[in-house]
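Look for chain A in each of the two complexes below; its partner is chain B in the first and chain C in the second.
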Partner chain A sequence: MNQFLQQLVNGLSIGSIYALMAVGYSLVYSIMNFSNFAHGSVIMLGAYFGFFALTLLGLPFALAFFVAASGTALFAVALERLAYKPLRDRKAPFLYFIITAMGASIFIDNSVIATIGPTPKTFPQASLPSFLRSGSVEIGSLNVGRVDIAMFVITAICLAALVLFIDKTKMGKAIQATAYNMKASALMGINPGFVIILVFAIGGALAGVAGVLYGMKYQVYPQMSSITMKSFIAAVFGGLGSLPGALLGSVLLALIETFVSGYVSTQLRDLFAFGILIAMLVIRPQGIMGKSMEDKA
Partner chain B sequence: MSMLSVRDLHVSYGGIKALRGVSLDVEQGEIVTIIGANGAGKSTLLNTVSGFLKPVSGSVHFKGQAVGRNPTKIVKSGICHVPEGRLIFANLSVEDNLRLGAYLRNDRKEIAADFDRVWNLFPRLLERRKQLSGTLSGGEQQMLAMGRALMTDGDFVLLDEPSLGLAPLLVKTVFDIIVEFRGLGKTILLVEQNAFKALKVADRAYVLEQGRVVKEGKASDIASDPAVKAAYLGAKSEAGG
Partner chain C sequence: MRAGLGVCAVLIAMLALVGCGGSKKNADTIKIGWLGPKTGDTALWGKAEYDTVSMLVDGYNAAGGIKVGGKTYKLEFIGYDDKGDPAEAATIFKRLASQDHVVAIVGPQGSGEAMGIASDANAALVPVVATTATNPKVTVTEDGRVNPAMFRACFTDPYQGSVAATFAYEKLGKRKAAILMTLEDAYSAGLSQYFKQSFEKQGGKVVAEVSFAAGEKDFRAPLNTIKASKPDMIFMPNYYTDVALSAKQARDLGINMVLLGGDGWPSENLISLAGTALEGCYFVNHLDFNDPDPAIQDFKKAFMGKYNRNAELNSYMAHDALLMIVDAIMRAGSLKGVDIIKALEATDTIGVTGHIKIGPTHDPLGKDAAIIKIVGKDMLFQEKMRGK
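Right, the complex of A and B next:
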């Protein structure tokens, strides 16, 4: 029972970080119908932004978070303007977007290797506030890492803010309307270009937060972006383009992963993760809560 | 000067010529209808007027200004397009759909007044205001699309096949509402497959064939034109529309 609860807590903590990354994939997909594979690189950049804001600039922790999130939001929007907008203007087929995204990802990752270097960096404990330093808290019979608690709490706050924004504000409704039908939303005077910038900025900001959290728990290194592939699986699993789907898929995937690690074998963990992706694509390609193909037509 | 002035418009879809030199005028306060067979270019014309298609040549001027391709500017200028197939936001509630109609407006009092106007015109929508609009019937969805158009506060309404696929009773409601729209000071450009009904409510009409205007004139004259009767009104006028 104890092990079960421990795995559950681990799963929720990892699931929350997957969710933070997955919503970035989902938001962009919901509007533009392509998987932005450069998103992982933006998350990696966020980790570096946060790391340097803390170590080089010596900023307070909260401010470093803010710098990382603003930096990645700006970067994601710049990427959209430079890489995707020219394709949109030419009405390029969606395959070109995916190829461009992959190219951008390779370019960003290797630029970091070339400039900052391939060596992993670890957040210095001294730069972190006390509630985030390594060590754990005993809750009943459970040992829960401080970083895990912080990850869960910060992620929950970010996601709650996102859900409120999408559901309650005019701009949020505009995003939903554009996701449903770009032509119809343009008829209301909603500029698709504006909505696209908005989703890249939101996805980018959350990517920054996710990158810093992930870097704090593990390390900061240029190939981090490949780890974020898991959050992409989560987004597909839950249903690309659906926000609740991304959240649900992330938590489910993380729980499956931690339980497989805990009860079966750590080595089989990824086998299960990718196995789920393949099974989902075969049985229900739109994911648990995704838009069906007819809806997008 | 006309409210809408279309001059020698040519529009192509990937090599296929959909419009071949269409000229058309709509004066303020008029209901003008465009009739024609499927593929004659009616929807293409509306989509070009509202900025979705780029003409190969020719011009579209609205209130003296060339119509560009920026949706925000187009809607602000007063053009309001109710597209074929309604294109309501099925993933949002009835009320949210209407609110999005008022997306560009900030005049809270006027928006509230327009909400009341929509609820009065369409009591069914008021009953279902919290319901997901995808669950509405076809007729209710058409009401919602027209209500949403009202919320944009545009003074020039483009209606693309508003009665398509509706039961006869609802078709009558749709045409009643078109007349109501005119009462609210809207100018209307109406594309309809139900030519009989369209010619009854319209002031003037254009007949479009294969991307060209082949006839234009007062709606009543067009309705009594033998060629038009044979081509577009034959079966429909006997069935009563």
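Right, the complex of A and C next:
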């Protein structure tokens, strides 16, 4: 029982990082109908921004978080302007967007390897506020990492803020309208270009937060973007384009993964994760909570 | 269309350049090849090797080169990144052997990569001296035949595994060990198997042997399984990045027992990555970096002086691998692969990692292992040890 609860806690904490990352995929997909595979690299950059803001600039932690999030938000928008806008202007097929995104991802990852280097880095403990230092809190016979608790809380705050923004503000409504029908909302006076920038900025900022959290929990390294493949699966699992879907898919995927590696075999974990993706695409291609649409991924 | 022509012109120019590089033959140089990871998890070690070999090659050249069969040659060093990937290593090997025409090769460091190039090396008769590839199958094939072209400068995993097991059983007095390893890496899987054999032969018990997926960053699920099996120590035959992360996560889960590892641990970055999680833990190493032996200290200083960072374990191993090659070439008095291989088989020399005498399986015989303890930010030498 104890081991079960411990695995459950682990699953939830991994699920919360997946969720922060998956939301970025889903937001962009809901507007542009393509999967932004460069998102993982933006997350990786966020981790580096946060790391250098803390170590090189010696900023206080909260400010470093802010620097990382705004850095990645700017970067994501710049990426959209440089890489995707030219394609949009030429009305290129969606396949081109995906290929461009993958190319951008490889380019960013390798630029980091070439400039900063491939060696993993860890956030120096001394630079973190006490509630984020490694170590755990004992709740009964359970050990819950302090980073995990903080991560869970920060993720919850970010996602709640995002939901409020989308439901309650005018800009949020504009995103919803554009996601529903870009042409019609453009005719109603919503500037699609602006909505796209907004979506990339929000996704980018969340990527920055996710990157810093992931880097704190594990390590900061250039190949980080590969784990975001999991959050992409989570987004598809929950339903690409749906925010609650991304959240649900992330938590479910993380729980399945932890229980498979805890009770079956770690070796089989990815087999299960990708198996679920395939099964989902066969049985219910729109995911748990996604709207039914013709093309996916 | 014009852009297309431009691209073509560039491609042709590049081909021409590559062609020149390949066909350029300088009669007075001996080309020494190297392959190893310059990107990826183990890149730190690959760079250490690359920098070591290029520093030493410069040293030989500054001293006038080496004499082979009455003629003096300069050394030329060519090294490529194999990304720590066996398939990539095979490609790189072909490039070194058939395009660059190297005489001998230092590296690779990983057992997987070394096994990946063994058959090509045998066919091309280009001698390879692996640096830290400790898996026995690097030099001896599955069916027990010795790979003619494959040698190594380090001891092997059965030896290392038995040193670790003996140390755990006799010196630490542990009886119930758990193993955290990955089946996807030949080094990790092999070393855990040999540790288990030796530990159980001596009377201990391996209560859990849990594998994680390569590239894993979250070890808590396997660690929980280990915790539930109630061991009194954990053996971690993994590379330092995995070790640092898994040790930290183990401590977070309230697993406070001693951790023991192999030669995948020693790295300048291990302690900075792990923080205090490895305090009081032990690992088996090839040598003691702080040994007052002048050969070790001089090399250490030279490396520090040139690159302004500490030499890694792989620097010492690459030093000895190159030493074995140069020694063999000079004794062979020939630049032919067959002759160098014959000379390598008769190697009996002193390197920075100790006395290297190559045995019938192309492995150094009876090298002592060093037990190192992590205390604070230091790696303290405990004792020399031999396996059972």
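By definition in this document, the second predicted complex is superposed on the first by the 293 of 297 C-alpha atoms of A that agree within 3 Å, B and C clash if a C-alpha of one lies under 4 Å from a C-alpha of the other, contacts with A are read in each partner's own complex, and residues count from 1 in each chain.
Convention: a residue touches a chain if its C-beta (ideal position, glycine included) is under 8 Å from a C-beta of that chain, and two chains touch if they have at least 3 such contacts.
Here the structure is a predicted model, which is why all the values come from computation and not from measurement.
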Return the chain, chain B or chain C, that is in touch with more residues of chain A.
-> C
Chain B versus chain C as contact partner of A:A174, first or second or both or neither = first
Would you check which partner chain A:P192 touches, where first means chain B only, second means chain C only, and both and neither mean what they say?
-> first
Which superposed partner A:S265 touches (first chain B, second chain C, both, neither) = second
Classify the contacts of A:N10 with the two partner chains as first (chain B alone), second (chain C alone), both, or neither.
-> second
A:G145 contacts which: chain B (first), chain C (second), both, neither?
-> second
Which of the two partners, first being chain B and second being chain C, lies in contact with A:S35: first, second, both, or neither?
-> neither
Does chain B (first) or chain C (second) touch A:A184, or do both, or does neither?
-> first
Which superposed partner A:S105 touches (first chain B, second chain C, both, neither) = neither
Residue ranges of chain A in contact with chain C within the complex | 3, 6-7, 10, 14, 113, 117-122, 125, 134-136, 138, 143, 145, 218-219, 221, 223, 226-227, 257-258, 261-262, 265-267, 269-270
Write out the stretch or stretches of chain C touching chain A in their complex.
-> 38-41, 43-44, 183-184, 210-213, 215-218, 220-222, 224-225, 227-228, 241, 244-245, 248-249, 251-254, 269, 272-273, 275, 277
How about chain A: which of its residues touch chain B in the complex?
-> 170, 173-174, 176-177, 179-181, 183-192, 194, 295
In the complex, chain B touches chain A at residues 50, 52, 70-72, 74-76, 80-81, 83, 87-92, 96, 99-101, 103-104, 148, 152
